[in-house]
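Input: structures, listed below.
Next come two complexes, and both contain chain A; in the first it sits with chain B, in the second with chain C.
Entry: the complex of A and B
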C-alpha cells in the first residue's frame, strides 16, 4: 500500500463500499458457521435473515439488534465479528467525514486522500487507544471482562442463577465510543454487567459524546478557521440541549395515577439510577446514533418516545454518529448557506466554495434519502400484514413502534422501541435494507460532493459574503434543521406519539 | 465614453396596468397545457393534483370536492398569470422593436439591390441620408449622423464614422445626413434587434445557474412532501382515519413550495426586464446573476469616475497681480474658446469673482488655438493682447516679446502637474510689456456622488479599480479624491486583460465596461462585460451586456439588479417554506382530530370545521401567489448593506413573516369560508 497515493472521489467511494461489502459478507458467514468455530460456547448458527440483518446492522454502524446477544452470539462472533465492525464501521464514518472536510479545505485538486490509510489511522490512532483506556475504566467500574461462557450460581434462595460472562468491557468501550450501540447482552447497558453503576452510565454517556462533539473542532482546524468548527459545534450543542430539556420535561410531567404516585414515569426506567439518568441516556443515545440503552424507550411517555424519535429524525446530526454526524450537519449547512446566500444576493458559497447545480443536487439527494427510507418503510410496514403482524401494541403506540424501528434503522441509530417483534424475516430484510441504504447512499452523495468541492478554487470572503461562523448562521442552521425535519415527519408523528401523548 | 447619464428611455412602467392584465390572463389560460408546465416541476405536481381532484369531484360530486378542485386549478392559473404578466411586459417592448425591423431594401456597393433580410456578413452596402441601415455592421467609408432612437429611445442623433471607436451601426437605425458604406457583420436573423426582441420577450430565456440549483432544491422538497403524504395514508388507515384522496391532494399542494415555484420564472423574467428598463441588454441571464456576484469593478476614469473634461478650479496670481485681475483676463481670453476647458474658465470667473460673461467685445480680435502656437487668446481694441495656453508656449511668447518669466510660474506649473491637474499659463502684452499674469489650474473633476457610490460598493464587499491612461501620480491623486480602492495607471489593453486574469485567478469575479475594439479581449474575459452602445461591434460582440445609454456608471446599477434578483428568489423561498408550518396546524388536526380528539389541541387557529380548515389552507395557498406577483416583478427592497445586515432583515421579514402571516390569513379565510352552507 502506497500511503502517499491519494484517491479521487470515485476510487475513495469504491474503497468504502468494497470494504463494507466484505465486512457484511464476513460477518454474515461468521454467524452462519458459528457452531463449527471455537469459543462459540455451543451457540447455534444464526438464522439467515437475522444474520443478514445483524451483519448489515454492525457494518453500517447501526447496531440494530433483532437478536438477543447472550443467547445467540458466542464470544468468537462477539469479538472477531461484532467488535471488529464496531471499530471499523466507526472508522469508516470518520474517514468519510474527513474526506468531505478535505473537499472544503483543499482547492483545485481531485484527490480526497487514501481511504485505506485513513481508516487504518483512525482505528489505530484514535479508536483503539481511547478504547483501551475506556475499557480499563469500565472494568474498574465493575463491567465484566472475561472469556467465560458464564457460570451457574446457586443463590441463597436455593435456585440456580446463570451468570453470563464474556469480553464485555472491551466491547462496551467501543460500543459507546464508536456510537455503535450494539450491546453484548440483550438488555444492553441496562444489564448490570454492562452498566453496573450510575457513574459508569455517565461515563458511557461521555464516551458517546466524545468523538461526535470533537469532530467539529477537527473540521475547523482543517479548513483553517476554528470558528467555523465552533459554529457547527454550537448548532449541535443547541439542538442537543433543547432535546434534553424537552425529554426531561415530558418525562417528569406526564399524567396518570401510577406516574403521579411515583413522581415521574418510572416504568421501564433504569430504576437503580432514577428517571433523570434514564432520560439523559435515552436522549444522548438517540442524539448520537449510538442506540445503546439503559432503559426501555418503549416505556417512556409517548412524548418522551417522540423526542427520542425526533432526535433520530434530525438525521443524527446533533451531534450524531462518529463522522456521520459531522457530514450530515455539513450537508445541512450547505442547504442553509444556499438559501441564506440567495437572500444576501450572491451565488451562495460555503467556505469559499460555490454551491451550484451539482452541489445542490447532491445535498438535496442527501436530505431526501433518510426521510424517504423512513416514510416508505413505515408506510409499507403499515400497509401489509407482514408488517402489522409483528406489532405487540395496538393504536398509536403500535404505530410509534414501527415508525421508531424504521427511523432507527434508516438513520443508523440502532436503538429499538421494543414492543415490536422485529426478528421476523420481513423486518430483518426491510430494516436491513433501510440500514444499508440509509448508510451508503448518503456516503455516495457526501463523497461525490467532496469531490466537487475539492476541484473548486476558493473564492475570497468579503463583507458581501455571508459569514458562517456568527450566531446568526448558528440560529439559521438550527432553524433549518428543525423546520426541514418538522415538516417531513409531522404527519407521521401526529398519528404516533402526538396522538398518544397530547 | 463621455455620454452622461441620460433619463431611462423606458420609463418605469406601472407594475400591473389594466391593458397588461387582459393578455396575461389569456396567456395564463394557454399555459394550462400540461406540456407548458413541465419546466416548473412544482406547478406540474399541482396540475396533476388538480386534474386528479377534478376526476374525483366528477365521480363523487360534493361541494367540498368541487371547491378543492376549483381552487387547485386556480393555483395553477395564478402561477401562470405571474409568468404571463412578466412576459407581457417584455412583449410591449418587443413590439416597438419589431417596428424598427422593417423590411428594407439594401443597396450593395456594386449597385445591386437585395432585401435586407438576405444580407450576409461581409456584404458592403451604401446608405444615404433618409435611408434605414439594413443590418448591423461597421462603417468602412464616410461619416454620417444617425438617428438611433428606434433602439435607444434617445432622439439626439449620433455621429458614426469609419475607423476608430465610433464605427458601429445598428440595423434599423436611420441615417440623417451624408453617405456611408457599411460592412455587414451579423447573420440574417441574428441581428442586434433580433436578439433584443428575443431577450425582452423571454423567448430565448434560459434558466440561470442559481435558478437551476434552486429548482433542484425545490424539487427535492416536493418529493419529500409527496412521500410524507403518500405514506401517510397507510398510517391513517391503520389508525382508522382513512383520508379522502382530495384531502391528501390538498395537503400535498399546500406543503410543496408552490409560492416560490409559481413565481420563480416570473422573478427571472422581471429581473431581465428591470435591466431592459434601464436600457441595458443582457445577452444571458447568467450574466445578470454574475453581476450580483461581482467582487471587483474595473471602471474607466474618464467618463465614469470623472466628467471627462478638464475644468478650471483656481486662478493663481503671479508677480503681484490681483487674483481678480487674473480671473478677468482669463475670462476675456476664453470668451471665444468653445472647448469645455474654455467654458469652464468663463464659468469659474463668473461664479468665483462675480465677473459677468461679456457676450460681445466690439473690435476684439480672437486668436484661435492652433497646434503650432498651442495657445489661444484675444487682441483687445485698447491694444492689450491676452494669451493663455500650455506653459512652454506662453512663457516662450512672453520671452519673445521681451518679458520676464518669474520663478514662481515654474513652481505653480510643477505643483499643478504633480497633483494630477493641467496648468494653463495666462500672459498679457500691454504697451510693449509682456508679463505672466497667472496660472489657471485645470483639473479632471470627479463626478458628484461618486465617493458615496464607492463607499456603498465597499459596504457590499465590492472593490473598485480605476483604469486610466494617466501616469501613476495623476491617477493616484484622482483615485484618492474619488475614493476608489485601487488604480491601474498608464493602462494598456494588455494590462487590463492581465489585471482581470489576476483577479479571476484569486477567485474573484470581475465586471468592466468598454467601447473600443481594443477593449474587446478584456470584455470577453471579464465575468460581466458591459459594452457601450456607442462602441464598436467588436466590443459589443465581446461583452455579455450592452448599455444603450452608453453610461459606464450604470455598471453599479447592474450589480444591484443582479443582487436583487437573487435576494428576491431567496426571500420568497424562505417565505414559501415558512408558510408550511401554519398549513400543518390547519390541516393535520382537521384530518385526524376526529379519531384522536387530543390532536384538536393542534388546531390553535380554532378553525370552524375540518372542511373549512382544509379549504382555507388551499385558498390561502392560491391567493398568496397573486398577492406576491407585484413583489416578484418589482423585486424585494434592496439597500446596499453588509451580508449579515441584509440577511437579518430578510429573515425577519420573509422568515418570521412567513411563519406568522399564514396563521392570520388562514384564520381570516376560514371566517369567510365557514359562512358557506355545507362547509361549516
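Entry: the complex of A and C
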C-alpha cells in the first residue's frame, strides 16, 4: 500500500469499508473468545447475536448497547476491543467528512486523499492527545482507572457489595470526544464511577461538543472562505439552542402522572446532577451522535423523550457526530441551494460547484436512507410478536421505546429508551442491520458526491449566485433541516411521544 | 491495472494490519499509560474512592448502599439512601426505566411516600421527589438535603443524641453545587453514616 498516493473516490470508499469490515470481524472474534484471553475476569463468551450487534455498534460509531457492561465484558475486551473502535470509528467519520470537504475545495481532480493517511493522522494528531489529557482530568474528578476486576466491600448494612474496577477513564475520554457513547458500565455516564460529580458530567458534555463544533471551521479554512464555515456553524448552533430550550422547558414541567405524583422528574435521574444538567446532557448526547446518558431517557417526561428523538431524527447535524455531523449538514446545504435554485430558476451552485442531476440524486439518497431504515424497522418490529414483546411500558410509551431504538440505531446515536429488552436475537440482528446500513450507505453517497464535485472546475461567483454565507442562506438551511427531515417522522411521533404528552 | 478483487484483497490486508497496530497502541499502550499516570497522581480516586475502616473496605464514597436489614427493612439508626432499581448491586447498575405515565411507577411512588412518611414520622407532603424515585444508576450515593432533613429526628432518636448534633454531621456531609452553579446540592450518605458511627455511636 503506497501511503503517498492519493485515492479516487471508489478506492477511498473501498478502504473505509475494508477497514470497518476488519474491525467488525476482529471485535466479534474478541468477544467470542473472551474466556480464553487474559484480563477477562471470568467473563463468558458473548452470545452470537449480541456479539454481532455489539461489533457493528462500535464500528459504526453508534455504541448501542444491548448488553450490560459490568456483567458481560472483561477489562481486555473493553480496552483492546471496544475502546479501540471508539477511536477508529470516530476517525473514520472525520476522514469521510474531510474527503467531502476536499470535493468542494479541489478542482479538476479525481483524487480525494489517502484514507490510511487521513485515519492515522486523525487518531495520532487529534483524538489520542486530547484523550490522554481528558482521561487524566476524569481520573482527578473521580473516574476509576485500574486493571482490577473489582473489590468486595463489607457494607454498614452487613452485606457484601461488589465494587467494579477497570480502565474506565481512558475509555470514558474517547467515548465522549469521539461522540461514541458506549458506557463501560450498564448505567453509562450515570454510573458514579463514570460520572462521579456534576462538573465531570459537564466536562463530558464539553468533550462531546468539541470536535463537532470545531469541524465547520476546518471546512471554512479548507474551502478558503471561513465565512462558509461560520454559516454552517450558525445553523448548527441555532438548531441546538432551540432544541435545548425546548428540552429544558418540557423537562421542568413535570409531564406524566407518575412524575407529578413524585413532585419532580427524578425517576431515572441522579441527585448530584439534578434536573437541568440531566436535561442538558440528554439534549447534547442526542444532538451529537454520542448516545451516552447521565439519566434514563425512558423515564423522561413524554415530550422530553420526544425532543431527544427529534434531535436524532434531524439526522444529528446540530452539531452531529464527529465528521458525520459535518457531512450531514453539507448534504443538507446542497439540498438547500437546490431548493433556492428552484425558486429563482437558476442552476444551483454551492461553493462554485454545479449541482446537477447526479449530485442531487446522491444527496437525495443520503437524506432518504435513515428515515427509511427507521420507519421500516419500527414497522417490522411492531408487526412481529418478537418486536412487541420486548416493550417494558404499555401504550404510546411502548411504541416510543421501539421508535427510539430504531431512530437511535439508524442514526448511529446509541442512546436508548432502555426499558426495551433489546438483547434478544430479533433486536440484535435488526438493530445491527439498521446501524450498518445507517452508517455505510450514507458514506457511499457522500464519497460518490465528493468524487463528482472534485472533478469539476470552479465557476466564478456572479451577481446571480446565491451567497451561502449570509443570514438568508442560514435561515433557509435551518428551515430545510426542519421541514425536509423533521416532517418525515411526524406521523410516527404523533403516535408515540405526542400522543402521550399532549 | 489490478482487478477489483485483488484491489479489495489488498485493502482488507491493509485494514487488518492497521487494526492490529491500533489494537496495540490504542487498546493496550494508551490505557496502560493513563493507568500508570492516574495511579501516580490520584491513586485513591483511580481505585474507586474506597472508604476503609481499618483494613476492611466499607464501600466507595461514590457508590450508594442500602442501609437495610437482610429482609430489606431500613436500619433506623442510619440515613437511608434513595430507592434503587438494582438494590444497590454493584454488578448490575441501571434504572427502572418506567415511563412518566407508568401505573406501576405511580403505585410505587405512592407506596414509598406512605412508608417513608410513617418511618420518619413526617407528613407525606414533606417527602421529596428523590426519596420516592429510583436513580439512573441504581447506585446513587447521594440524597437531597430535603430528604436528609426529614430523617434527622428519627436518627437522633434511635441513637439517643440531640437532633442538632446529627444535623451538624449532615451539614458536614452536604456538598453544594460545583462552582456554585453546576448540578444540584446533595448529601453523601455513606460518609454521613460512617461519621455517625464514629462520633455518635
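We adopt the following convention: the second predicted complex is superposed on the first by the 491 of 502 C-alpha atoms of A that agree within 3 Å, B and C clash if a C-alpha of one lies under 4 Å from a C-alpha of the other, contacts with A are read in each partner's own complex, and residues count from 1 in each chain.
Note that in this section a contact is a pair of C-beta atoms (placed from the backbone, for glycine too) under 8 Å apart; a residue touches a chain by one contact, two chains touch by 3 or more.
Keep in mind it's a predicted model, so treat the numbers as computed, not measured.
Participant: Figure out whether A:492 sits in contact with chain B (first) or chain C (second), or with both, or with neither.
Facilitator: A:492: touches chain B, not chain C.
Participant: Which partner chains sit in contact with A:502 here, chain B, chain C, both or neither? Use first/second/both/neither.
Facilitator: first
Participant: Between chain B and chain C, which makes contact with more of the residues in chain A?
Facilitator: Looking at chain A, the partner in contact with more of its residues is C.
Participant: Which partner does A:167 reach: the first (chain B), the second (chain C), both, or neither?
Facilitator: second
Participant: If you stack the two complexes on chain A, which partner ends up touching A:344: first (chain B), second (chain C), both, or neither?
Facilitator: first
Participant: Between chain B (first) and chain C (second), which does A:356 come into contact with in this model arrangement: first, second, both, or neither?
Facilitator: first
Participant: With both complexes overlaid on chain A, does A:465 touch chain B (first), chain C (second), both or neither?
Facilitator: After superposition on chain A, A:465 lies in contact with chain B alone.
Participant: Can A:379 be said to touch chain B (first), chain C (second), both, or neither?
Facilitator: Once the two structures are laid over each other on A, A:379 reaches chain B alone.
Participant: When the two structures are overlaid on chain A, which partner does A:476 contact: first (chain B), second (chain C), both, or neither?
Facilitator: In the superposed model, A:476 contacts chain B only, not chain C.
Participant: Return the residues of chain A at which the contacts from chain B and from chain C coincide.
Facilitator: 395, 500
Participant: Which of the residues in chain A end up touching chain B in this complex?
Facilitator: These residues of chain A touch chain B: 335, 338-348, 352, 355-357, 359-361, 363-365, 367-368, 371-372, 375-376, 378-380, 382-383, 388, 395-396, 398-399, 457-460, 462-467, 470, 472, 476, 479, 483, 486-492, 494-495, 498-502.
Participant: Report the residues of chain C in contact with chain A in the complex, numbered from low to high.
Facilitator: Spelled out, the residues of chain C in touch with chain A are 7-8, 10-12, 14-16, 18-19, 22-23, 26-28, 30-31, 33-35, 37-39, 41-42, 45-50, 56-60, 62-70, 75, 78, 82, 88-103, 105-106, 109-110, 128-130, 132-144, 175, 177-179, 182-184, 186, 190, 193-194, 197.
Participant: Help me check something: in the complex, which residues belonging to chain A touch chain C?
Facilitator: Touching chain C: residues 1, 11, 14-15, 17-23, 26, 68, 70-71, 79-81, 83-84, 87-88, 116, 119-120, 123, 128, 131-132, 135-136, 139-148, 150-159, 161-165, 167, 169-171, 173, 185-187, 190-193, 196-199, 201-202, 255-259, 261-275, 277, 293-296, 298-302, 392-393, 395, 397, 400, 417-419, 500 of chain A.
Participant: With touch defined as at the start, can you tell me which chain B residues reach chain A in the complex?
Facilitator: For chain B paired with chain A, touching residues are 209-210, 212-214, 216-217, 219-220, 223-225, 227-239, 241, 251, 255, 289, 292-293, 295, 458-463, 506-508, 562-567, 569-571, 573-574, 577-578, 580-581, 584, 588, 592, 595-596, 598-599, 601-602, 638, 642-644, 646-648, 650-651, 654-655.
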